[in-house]
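A, B, C, D, E and F are the chain letters, set down in written order, and residue numbers restart from 1 in every chain.
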Amino acid sequence: MPRLQPIPYEQASDEVRAVYDDIKATRNVPDVNNFWKYIANDPATLRRTWQSLKEVMAPGEIDPLTKELLYLAVSVTNGCDYCIASHSAAATKAGMTPRMFGELMAIIGMANETNRLATGYAVPVDPAFQK
Amino acid sequence: MPRLQPIPYEQASDEVRAVYDDIKATRNVPDVNNFWKYIANDPATLRRTWQSLKEVMAPGEIDPLTKELLYLAVSVTNGCDYCIASHSAAATKAGMTPRMFGELMAIIGMANETNRLATGYAVPVDPAFQK
Amino acid sequence: MPRLQPIPYEQASDEVRAVYDDIKATRNVPDVNNFWKYIANDPATLRRTWQSLKEVMAPGEIDPLTKELLYLAVSVTNGCDYCIASHSAAATKAGMTPRMFGELMAIIGMANETNRLATGYAVPVDPAFQK
Amino acid sequence: MPRLQPIPYEQASDEVRAVYDDIKATRNVPDVNNFWKYIANDPATLRRTWQSLKEVMAPGEIDPLTKELLYLAVSVTNGCDYCIASHSAAATKAGMTPRMFGELMAIIGMANETNRLATGYAVPVDPAFQK
Amino acid sequence: MPRLQPIPYEQASDEVRAVYDDIKATRNVPDVNNFWKYIANDPATLRRTWQSLKEVMAPGEIDPLTKELLYLAVSVTNGCDYCIASHSAAATKAGMTPRMFGELMAIIGMANETNRLATGYAVPVDPAFQK
Amino acid sequence: MPRLQPIPYEQASDEVRAVYDDIKATRNVPDVNNFWKYIANDPATLRRTWQSLKEVMAPGEIDPLTKELLYLAVSVTNGCDYCIASHSAAATKAGMTPRMFGELMAIIGMANETNRLATGYAVPVDPAFQK
């Protein structure tokens, strides 16, 4: 298997192109970003991932900006550089200000710190939290 | 070193008690939860962690409920069972509904999935994201 | 300590060279890859790691291709870019097709998603799984 | 939000029951396991997760047993106790023998070890792996 | 595959018993702990893991207590509850005091926090660190 | 939000400059490294992180070199490339030799391996470790 190449719109199959078109229309962007062009090497994964993401990130009880901040919090915790770059852009587009970014990073940092403290001290769950 | 025991208010030093009092006053709760009682074995960590957490979780450009959702997103991604229990309770207190919890988990799940896809496909960052 | 440099065959000690020779013979390759040249800075780690890896990755009840797919699944979950690159190459050599790569990534993605859902929902283990 | 309860078949909505029925028919089991009963608190996540999992775990170029081994490799690396228990059972049902389990764990262990060595030694990717 | 059972000394094969004997003699303990009794289900993994661990944890340029503290730092970061329990005991035996434990946890917490900050802010490596 | 830029001393506010000055004085260095220049975009995070780090990394019952080794162990386990680079430099400055680095990496590797074995085999904690 040679190194996978991104699949540009022009070379995409009809199946892939239909997903690209839906991404572009839903997000109102002129082209899809690299993530989609790479996973398009497996059209089933492309389709399923887009359908799921579209459903999950649609406005619900949690607003779109908050959803992007949550996506960033997971991506930073997992150390996914690509995802941090793409979702920082998406969050900015959704209204994240530099001060919000600063607060977000501070929370992510603190949560990672206290997660480890709770684990390292082997803190038992309070009965009140188990009801 | 024997197994660490939680430090109840009655047995706490003045230094520890002062932190407990501030936590109880800030959160309007009758007692602190186990996390604080365990890390109180190291009063410097207790004080520093509380001061930092208090500052980071205070209302800012990101509202308190969203901050708790972000804390949960990190805690789930790190698999910290204690933190999931305690911050689920805190988020609920801050207004999280069952439907919001469902959306939150869905986002955490999707972000973890696409983080791995981006990493596994070795997707290069789009030039547009690097400006 | 200055930045560690890779140790090429020509500059290697007899101890290191013996490991390099065994890697080359076992894998039928003209040279060892960077991983070995860097950890060769600690000959004990080089020897022990190679011996262990050789033993673990030898054909057993699990076939060599499946073993490489499993190695990739761990490497992607850990976000180890070097390991993803080297084990993608190894898996390809062992017979991984592009379609298998696509299926592999899809499984890794789903497993990471449902791992977090199970953790976030704090699902208790079914009694049937504990027998 | 009180502690989430599992949703048994008898109390499930038609939407949830339809998913349960499909899981039971596809897997030929008398009841669904706890994972599904908990995420059923969010019917959209239940439906989407099952549809995705069913598609991803169906026989393809990678056989069902191998797919379960891969799922286990991710679950162990993420430290998801529930997932380890449920997918150990599923892998056993798909044909995993005790010796295969032993080899699987050995590979997971080695991969986690060499992942960290590659990262800690900051090994640069070999040009041969980038083609 | 039924749920794996620990293998006690009395029921162990000669191969497994030889490893148990070496662990007991090296550590001067009357019995091996559960970790060894479970991985003994795969005698090759038992032997290889013990040989490697014995070599790695032997006194070197880093002293035995520090080695145990490092083991704990990794185990807490990975959220391995068993490993935290067993290596807290081992570190205590090697001389860890409650105050050292407190400092250790504080460092682990801070490192996890700043790791995420560096990742989230996408901080580029200083040229001075690359020499 | 455009891509964050590092804040050099000359352009820093008085608040940020005071932190930079304290870092430079405490560490006896002519300039702060990139980590601080990036998080300086959020002066509250800069101040709080430095105060906490200064307190945690000060000489205590654990000596400064060991503290840096511990920081590295966490950073490697988390796969934070920036942190590995910066704390390798800091550890070297504190006295880490190439042989110590080799031993450190070997321990990190082994701990990651046995963490996963303990988790994958679902080893129950020995009663002796729970006292």
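Following the convention adopted for this analysis, a residue touches a chain if its C-beta (ideal position, glycine included) is under 8 Å from a C-beta of that chain, and two chains touch if they have at least 3 such contacts.
Computed from a predicted model, the values in this text were never measured in an experiment.
The chains in contact with chain D as well as with chain E are A, B, C, F.
In terms of the distance between Cα centroids, chain F is separated most widely from D.
The mean-CA centres of chain A and chain E are about 34 angstrom from one another, to the nearest whole unit. Separating the centre of chain C from that of chain D, both taken as means of CA atoms, is a distance of 21 Å. Counting partner chains per residue, chain B shows two or more touched chains at residues 4, 39, 41, 44-45, 48-49, 52, 56, 77-81, 85, 88, 97, 99, 103-106, 108-110, 112-117, 119, 121-122, 130. Contact residues on chain F toward chain C in their complex (touch as defined above): 79, 88, 91-92, 96-99, 101-103, 105-106, 109. Contact residues of chain C toward chain B in the complex are 72, 76-77, 79, 81, 84-85, 104-105, 108-110, 112-117, 119-122.
Taken together, the chain B residues at the contact with chain A in this complex read 4, 33-35, 38-39, 41, 45, 49, 52-53, 56-57, 60-62, 66-67, 69-71, 73-75, 77-78, 80-83, 85-86, 88-89, 97, 99-100, 103-104, 106-119, 121-126, 128-130. Contact residues of chain C toward chain E in the complex are 2-3, 44, 48, 52, 55-56, 130-131. Within the complex, the chain F residues that touch chain A are 1, 4, 39, 41-42, 44-45, 48-49, 78-80.
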